[in-house]
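Right after this note come the structures.
Here come two complexes built around chain A, the first alongside chain B, the second alongside chain C.
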Partner chain A sequence: MTLASTIQQLCFLVLAAVVVVGALGVVLLPNIVYSAFLLGGVFLGVAGLYLLLNASFVAAAQILVYVGAVNVLILFAIMLVNKKENLAAIPGLLLRRLLSGGVCAGLFVLLLRVAFTTHWALPGPLPVGEEATIRIGEHLFSDYLLPFELASVLLLMAMIGAIVLARRDVYSSDVITGEPVDQGLIEKTRTPLLIDPSAATAAGAQPLLETTP
Partner chain B sequence: MSADPRAATEAVTIVLGTSIPLQAYLAVAALLFCTGVWGLINSRNAVRVLMSIELMLNAVNINLMAFSDYLDGQLIRGQVFAIFVITVAAAEAAVGLAILLSLYRNRETVDMERFNLLRW
Partner chain C sequence: METTTLVSSGLDLQASFVDTLQGLGLSPGAARLLWLPLPMVTVLVAAVVGVLVNVWLERKISAAVQQRIGPEYAGPLGVLQPMADGLKLVFKEDIIPARADGLLFTLGPVLVLVPVILSWLVVPFGQNLLISNVGVGIFLWISLSSIQPIGLLMSGYSSNNKYSLLGGLRAAAQSISYEIPLALAVLAIVMMSNSLSTVDIVNQQNGAGILSWNIWRQPVGFVIFWICALAECERLPFDLPEAEEELVAGYQTEYSGMKFALFYLGSYINLVLSALMVSVLYLGGWGFPVPVEWLAGWLGQSVDAPVVQVITASTGIVMTVLKAYLLVFFAILLRWTVPRVRIDQLLDLGWKFLLPIALVNLLVTAALKLAFPMAFGG
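Right after this comes the complex of A and B.
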């Protein structure tokens, strides 16, 4: 065993411990702000695992997209919806947790059994190493061109959809029929559909994303 | 002259590639996935449900990257797939959080047990 491989195994063990402990913290910690920051740690640990797997480009993409975008988005969502609320007790919560824990443990054992009993075609071809970025670029512009373009369309659709879902404009007249809209909606004396009237009067704090019509 | 460094590099690559077994990556990914599933089932907070989904997507990505490096070292199609998964995950997070904000505006809560409008 050479020194390099020892260091590599050490790095793998540390990163795996960070990922697993962080994931458990994300799921189990009662404070959701801590969970969000631990989730960033998990993403960084996964990026380190990608570096161990000779994939520097995907590791950079992981850090940029997950830590830079998704985690920040989750933190913003926590800030927007962070209201102290006492969750109503559910009957049989402990039983439910134990049962789902058993199911997940069974799934884990099944996955481990598949991983350790399958005869993988090892050793495979030599890894390309630092040429991985070049290969990914060739893939994206030759045989994966259609999924690449579809991904851009998907991102555009997701952006528009997120804006439409999160904004709160009330038009003064119906877009399709042209009929005037209920005046109570415009003046915000009445909240839109689906709401529980008792909860609506009790809740003073409105979310931040309001726009005036 | 130029063949020797390349052979040495290949030897180093072989050593580096085999020092960690493939199954170790698969085990970490399986543990991460099962943690995500458990959190998805048991979370009361809707934001935590979204975080659990991200955990599961990351577990799948680890699998893809491990297979790409160990079994498909020349073509690395797994890395391309992982990039697409990252793209879809970003779109999913944006839309999911927008839905969550809309839900919070209508129900004034993030408790998953109270999002029961579509329950029979």
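Right after this comes the complex of A and C.
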């Protein structure tokens, strides 16, 4: 065994341990902020695995999209709504946990069986390495053109949906619940920060900004 | 690809080092293993020295802008002042606030600094003078710089302080908004040079010296990139995450000692790195305003002669650093002359102005590339 392959094995073991332990932590930790940070660690570990498989472009894209965008947005959402509140006790919590644990264990066994019974082509095709960027581009514009375009249409739909949900001023009632929209939440036309003193005093109001007394 | 075969290979320190060690009876693997840490340590030291120079420049230029003298007692012209600053931070007590989250509080600054240092992997100082000519090159820098906001959010959250949390959230929002126009500006360059590798991008610009630099072909992209780079480094006029008058010091409020020093180091390394990237992408990287090959030809010297190779490599390093520090000078001058924008103005500028302009720039570049493949790297 050469030096290079030993280091590769070690890297694989460390990265695999990071991914597995991190993923368990994401699910099992009670603190949701820790889970979110660990999710970032898992994404980085997966990027490292891609790097070990000579797929440097996929690794960089993984970091950019999953760590840089998805995980940051998750953290953002958590930190903006991180309210301390005691959740109402759920009846039969233990039974529910056992059931979901059972489903997960079943899925795991199924995946294990698939992994051990499949005939993996080893060693796989030669890695393209640095050529990968060019090959990915060629595929995206030839045989994978339709899925590529469909994915962009899907993203456009999600974006329009998010804008409709966020801009509640276009509706008088809530889209989901049907209740009338809280008028206080609707964005007003921007109030100027520096009120013109002459206009304000003419209207009988106290000017906000006193210049020299 | 085509360009690399045209350009001479230049000084290849790795090959000579490995050859020498093999001559001493080492196996090729062991020789390579001994080589590996050398460029990394060199670049790390260079980055830290670059920060010291940067801090001194910042103090001197800000003093000049405000008609003061600035540091003058620590060494000639105060050149040792940054060292004194650094030593002070080393000896300061390292405090973790009582109600803070100790683990995340410690991990935050590390996550801010490490991606910035990793990005130096792809900064070229010459044809072979970089740590690794990875194929994804410039894309690696963009993706690594997207890790930073997680560290900022982490330190903002774990400080258990509302100013810190707001600063961290602002930093993340700012970083996400400005990454998109930045990536689009880089994409236009990549489209022209047909490669993501930083070495290929520089080689593509060095056909006719200063006239073939990308700044003439991508003036709009240059301005977009520079604005976005300043915003990513959180430099004034975009230093909203640590705006003193509003947020004390943003996510750094609770930090002191070496943990604060990590933030400080990270922000200055990032500034130098961004300036280097601007010089690589738009100002011809290590290229001399007149191509060195032409000069060697006029002087009747072969480009492959050892002396000429050493001179070429040294000029390359000097040119790269010179261009980068010229940009750093402009960044410092901007910091001390321009007022800070408001957070809503900042996000409006990013999303409603820079993003559409960057998209139009990309489309125009693609059209020009189809219309004039000679001038726009067809």
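By definition in this document, the second predicted complex is superposed on the first by the 168 of 213 C-alpha atoms of A that agree within 3 Å, B and C clash if a C-alpha of one lies under 4 Å from a C-alpha of the other, contacts with A are read in each partner's own complex, and residues count from 1 in each chain.
Definition applied: contacts are C-beta pairs under 8 Å (C-beta built on N, C-alpha and C of every residue); 3 or more make two chains touch, one makes a residue touch a chain.
From a predicted model like this one, the values you see are computed outputs, not experimental measurements.
Enquirer: Compare chain B and chain C by how many residues of chain A each one touches, and report the one with more.
Expert: B
Enquirer: Quick check on the superposed pair: does A:E130 touch chain B, chain C, both, or neither? Answer first, second, both or neither.
Expert: second
Enquirer: One more residue to check, A:A4. First (chain B), second (chain C), both or neither?
Expert: A:A4 sits against chain B and chain C alike.
Enquirer: Of the partners chain B and chain C, which touch A:I160 in the superposed model: first, second, both, neither?
Expert: neither
Enquirer: Should A:V14 be classified as contacting the first partner (chain B), the second (chain C), both, or neither?
Expert: A:V14 sits against neither chain B nor chain C.
Enquirer: Who does A:A77 touch here: chain B (first), chain C (second), both, or neither?
Expert: A:A77 sits against chain B, while chain C stays out of touch.
Enquirer: With both complexes superposed on chain A, which partner does A:A69 reach: first (chain B), second (chain C), both or neither?
Expert: Touch status of A:A69: both partners.
Enquirer: Tell me which partner A:F37 touches in the superposition: chain B (first), chain C (second), both or neither.
Expert: second
Enquirer: In the superposed arrangement, which partner chain does A:L53 touch: chain B (first), chain C (second), both, or neither?
Expert: A:L53: touches chain B, not chain C.
Enquirer: If I apply the document's touch criterion, which positions on chain A are contacted by chain B in one structure and by chain C in the other?
Expert: Chain A residues touching both partners: 2, 4, 57, 61, 69, 73, 76, 80, 129, 132.
Enquirer: With touch defined as at the start, can you tell me which chain A residues reach chain B in the complex?
Expert: 1-2, 4-6, 8-9, 12, 16, 19-20, 23-24, 26-27, 32, 35-36, 39, 42-43, 46, 49-50, 52-55, 57-58, 61-62, 65-66, 69-70, 73-74, 76-78, 80-81, 83, 85, 87-88, 90, 96-97, 100-101, 103-105, 107-108, 111-112, 115-116, 120-129, 132, 135-136, 139-140, 144, 147, 151, 154-155, 157-159, 161-163, 165-166, 168, 191-196, 199-200, 202-203, 206-207, 209
Enquirer: Which residues of chain B touch chain A in their complex?
Expert: Residues 10, 12-20, 22-28, 30-39, 41-48, 50-52, 54-55, 58, 61-62, 65-66, 68-77, 79-80, 82-84, 86-95, 97-102, 104-111, 113, 117 of chain B touch chain A in their complex.
Enquirer: Chain C touches which residues of chain A in the complex?
Expert: Residues 2-4, 33, 37, 40, 44, 56-57, 60-61, 63-64, 67-69, 71-73, 75-76, 79-80, 129-133.
Enquirer: Which bits of chain C are touching chain A when the two form their complex?
Expert: 29, 33, 104, 134-136, 139-140, 142-144, 146-147, 149-150, 153-154, 157, 165, 168-169, 172-173, 175-176, 179, 196
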